[in-house]
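The next block holds one structure in the form of C-alpha cells; read it before the comments.
Naming follows writing order (A, B, C and D), and every chain is counted from residue 1.
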C-alpha cells in the first residue's frame, strides 16, 4: 500500500513510522528538512522536502495513485488543499485532511472530504473524561457526498467512505 | 450661578450613552454644566450592527431595551430640569458613528462615560471606542470615569 | 428615509450610520421591562370637540401638569405663618363686630364690656393654641382632627370630626368672602347692591385659581398677610396712642344705637355676655390649620410648626384685643343706616381719616386677606375630601387629581356650596356667623379628646403635664362648644343636624364601596384558569349588509353556536331573506321572528328567554353573547339616523343575567 | 451589493476602497491587527481584524448574506478554502480567488471557484504579448514570491472561461490599451477610472446578444490598474 503523508510533525512522523513498520510504502513531505529529524533513523521510507500543496512537488515525490493520503500539516487550509489536490489530480483512493477549525472540518466533510478535527476530538474526549455528555461525533468526519472532482473515480471514493464511518 | 467671567465650556454637546450605569451620571453632569450657558445637549446611543445584518436592518427601532436607554436619558435630563435631544444610530463601529454624529451636529463637546466593570476582577475596560473618539473627534472630549465602588476598592 | 431609518455617511470613505426615528418617543417612555409611561401627548384628546374643550380648559386653568411636577416646597416659618394663619388672623376683621352686634342689645353700658369679652376669648385662644402645640409635636405627619381622632377613637369620632371640618371649611369660604365684600362696600358704599355678585365672582376667581393649582402661592399669600398685619398693628398703635395719650374718646350715642337696632336696650345680663362671647369665638376659627399642615414645614417640622402656632396666636390675640379696645373707646359699633359699615372699617376711618389713602389701602388689604382666608379652605377642603375618598367615605372622584394636580372635584363642590350660601344669606356675614364656629369647637373638642387618649396610651416623657394641658383644652373647648351652640340657637342646631347627616352619608358610601369590593374580590391564592362556561351567540340582524356580515364573522370566532335573529312584521320579507340567507350563509341558523305587533326589541329579548329555558336545567347556564352590528356614522350630526334600535336593545339587555353585549361597529374604511 | 474581501494586502485594500467608492457595501478581513488598524484608519470601519479562513469569523463577517466573496490573500490554499467555504457553506453566489501558482488554476476552477485572478499568469501573458516593461505599474508584491501584481486583464484564449467573462474580456483589453497610453501615474489613475467607466459601458453593450444578457460589468480600478470582471446577476 502506498501511503502519502504531508506534514512531518509529531503525528506525521509517528504515523510514517507505523505505516512503514506495517510494511507499507511511505512517502512523507514537509517544507523543512528539519522536520524529518523527528523520524527514527531506521526510517526507510521516502522523505521529500517540498510544499504539499504543489501538484508538481507531489507528482515528483510519487504521490500519484497512492492508496492513502494524509494531510497533517499545521495549516488547515494547506491540508485541505493538499487533500483536494490528491483527490482531484493525483487519483488517490483514500484521503484524509486534518482540519482543526470545527466549522471547516464539518464543511469539508459535507463537501466530500474526510476530515479529522483535533478540536472536536479533544473536546469530546475531555468532556467524556469529565463525565459530561458529548456531541457523539465520529472521530473522523466522513465525506457526506462525492467530492466535486471525484466523479471520475467514484468507485474508489466510496469504499474510502465506508471504513471511516465505522 | 452663571458667571460671565467664566469661559463657556460648550455650546452643544453630544452625550454618548452606552446603556450602562454611567449614562445617568454623564447626563446629569452634562445637564448641570449646560444649564450655565443654556447649551444644547444631544444624547446619542449607537447600536452596533454586526456584519451578518445589513446596516439599515430594522433592529434598534424595535428593541425596547435600546429605546429605554434614550428614554432613561431623557428622563434623567428632565429630573435635572433640562432638555436633551435623543438620537438613535445604527452603525458598524460606535466610535466612528459618535465622531461622525458629533461632526454633523456641530458639537463642541463629546462626553463619554467609562463604567467600572465588576466582572473579571473589576477594572475599567477602555475598549476601542474611547481611544477612537479621543483620536478622531472634531471637538473636545470628556471621558467621565465612574468611581470605584467601595467594597472592591 | 425608509421605515424611519435615515442612512448617513461619515467622514471616512466607508463609515456609514443609520439614524433611527423613534415612533414611540412622542407618546411613551419605556421605563422598565414591559412598562411604559405615557407622556402628555398620549393623553391629548384626538377628537376635534375634545381638542376644543382641552384648549378652553388650558386657557382657563393652564396646561396639564405631570404628577412629578408637584412642588414639594417646604415652608419657612415666615411663609408658613402667612399661608396658614390668613384664616385665623382674618377673623379679627369680623370677630369684634360680632361681639358688638350682640352687646348692642344691652345698650351703651354693655358695649363697653366688649373689651372684657374679647380678653376672655383671647384667653381661650391661648388655651387652644397651647393645646394645639401638643398636637403639632405629637403628630408631625399632620394632625388634622380627622387623623388624630381616627387614630385614637376610630371611625365614629373621626367621621364626626371630618363632617364638622367639612362644614367649617365651607363656612370659612362663605364668611370670609362675605366679610371681604363688606369691607369693600364699607369703603365704597356705591357697591352695596352688588355685594352678592361680587362675592360669587370672588369665589369663582378663587376657584379658577385653585383649579390652576396655585401651589407657588407662598409669596402671593405672604404679601397681603404681612401688609394687613402691618397696617392693622399701625392702626391699633395710632388708636391706642390717641386714646391713652391724647385721651380721645368717643361715647356711644344711645339714639344712634336705637336707630341701629330698632329696639331699646334690654340691660346687661349674663346671657348677653355669654352670647357675645359665643359670637366672638369665631376669632378662633382657623387656629387648627397649622397643626394640619405640619409636614409642609422645613425641618424640624414639629418644632417650627409649634413656634409658628405660638406666633400666630400672639398676633391674633393682639389684633383682636387691640381692635376691640380701639372700637369700644371710640364708641364704634356697626352701622346699618344710613350706610352699612363694618366695625373695622370705621376703626380704620377713625384712625387713618375718612377717604384717605391709608384708609383705602387698609380696607383693600383686609379684603384681600379675607379672600386669601377663603382660599385656605380651597386647599384644605379638597384634601380632606381626598383623604376621606381614599378611606372609602366619599366618592372616589374626590381622590383624583385634575390636570393641574388639584383635587378638581372637591374644589368645585366647595365653590358651589359656598357660593350657594353667599347667595342664600345675601352676602351678610353676621347672618352666616351663627352657623360658623360651631363646627370649629366640636372639632377642637374631638381632637383634644384624641390627644388625651394619645397621652394616656403613649406615656412619653412629660406626658402628665401634656395630658393636663390637653384635658384643660378639651374641657374648655367642650364648654365653649356647648355655649356657642346654645347661644347661637336655633341656627347652630342646623349644623348639629347636618353633622349626623354627613356622617350617615359617609357611612353609607363606605358600606357601598365595601360591599362592591367584597363582591369583586378575588382570592389572592387562586390561579385563574380559562373559561369553563359554554358560550353561544345571538346576532339580531336587520337584513344582509356589510355591518351584519362583519358582526356574523366576529360571532363565529367567539363560539360555534351562532344564530341570527331577524324580527319582521312582513312575512314575505322574511321568506325573501331566508332564501337569500341560505344561499349566502349556508349552515348558519337563522331564526325569523314574526312580530305582528311591530315590536323589535322585545321579541328578541323574549327569544333569548326561550333559549335560556330550553337549556338543560342540570347544566350550568351558558353565557349568551348578543352581538349587535352597528353602523358608525361619519359625522356626529347624522348619528341620530342610525343605531336607535341597537341602543334600545342594549338598554333592554344591560341588566340581563348571563348575557354579554358586544358591539361590532362597521366603519367606513376611508 | 455586499462584497466580502478577505486579505488586506494591496489588492484587498484597493479593491475594498474602489468598491466602497462605487457605492457597494464592503467588509474586509485582515488577520494582522496592525494592518487592519491601518486600513480602518484610512477607509473607515469596515475592517474585521480576524482570520478569514476561520469559519466562525466568516460567519461573523456576514458571509451568509454576501453577494461576492473575494479571497485575495497571498496564500493559494487560504484563498481556495475561503472560496470553498463561502460557496458551499455560506451559499455565496459568486466567489473570486487570487491564484499565485498558475498550476492551481485548474484545481480552483474545478473545485468551484467562480473567478480567478492570477497575477502570475497575467505577467506571463504580458510578457508573451511583449508589452514594454516600463508601462507596467507596480501594484503590490505577492507574499512569498518575487512576483508583482501590475494589472488584471482577463486573458484571451482561456477555453474554459464562461461567456460572461468573455464578454468583458474584450473590454478589459480596451482598458489596458487605454491606460497603457498614459505615462504619469496620477493621470493614470484618472484616466484608468474613466477607462473603467467606459469599460463598464462597453461590456454591457458587448454582453448584449450573448446568452447571459443580464451580465453587468464590475469595473475596479486602482492606482493605474484596471480590473474588469464580468459578473452575472
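Just so we're on the same page, contacts are C-beta pairs under 8 Å (C-beta built on N, C-alpha and C of every residue); 3 or more make two chains touch, one makes a residue touch a chain.
On a predicted model such as this, the values are computed, not experimentally measured, just so you know.
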Fill in the blank from the handout: Higher number of C-beta pairs in contact (B-D or B-C) found for B-C
Practice task
Just grab the chain with the largest centre-to-centre distance to chain C, centres being mean Cα coordinates.
Solution key: A
Handout entry: Innermost chain by mean C-alpha position
Key = B
Exercise for the section: Please work out the Cα centroid separation of chain A and chain C, and write it as a whole number of Å. Expected result: 92
Exercise for the section: Averaging only over C-alpha atoms, locate the centres of chain B and chain D and give their separation in whole Å. Expected result: 41
Fill in the blank from the handout: Expressed in whole Å, how far the mean CA point of chain B lies from that of chain C is 47
Problem - Geometric centre distance via CA averages, chain B-chain A, whole Å - result: 54
Practice task
Scan chain A for residues touching two or more other chains and write them down.
Solution key: none
Fill in the blank from the handout: Touching two or more other chains in chain D are residues 44-46, 59
Fill in the blank from the handout: Multi-partner residues in chain C (2 or more other chains touched) are 10, 12, 15
Completion exercise
The chain pairs that touch are A-D, B-C, B-D, C-D
Exercise for the section: Note which residues of chain D are touching chain A in the complex, please. Expected result: 53-56, 58-59, 75-78, 80-81, 84-85, 88-89, 101, 103-104, 106-107, 110-112
Problem - Residue ranges of chain C touching chain B (in the complex, touch as defined) - result: 2-5, 7-12, 15-25, 29-33
Exercise for the section: Please give the residue numbers of chain B that touch chain C in the complex, ascending. Expected result: 46-47, 55-56, 58, 60-61, 64, 67-68, 70-72, 74-75, 86-93, 96-97, 99-101, 103-104
Completion exercise
The answer for chain B against chain D in the complex is residues 50-55, 91-93, 95-96
Exercise for the section: Using the touch definition up top, name the residues of chain C that touch chain D in the complex. Expected result: 10, 12-15
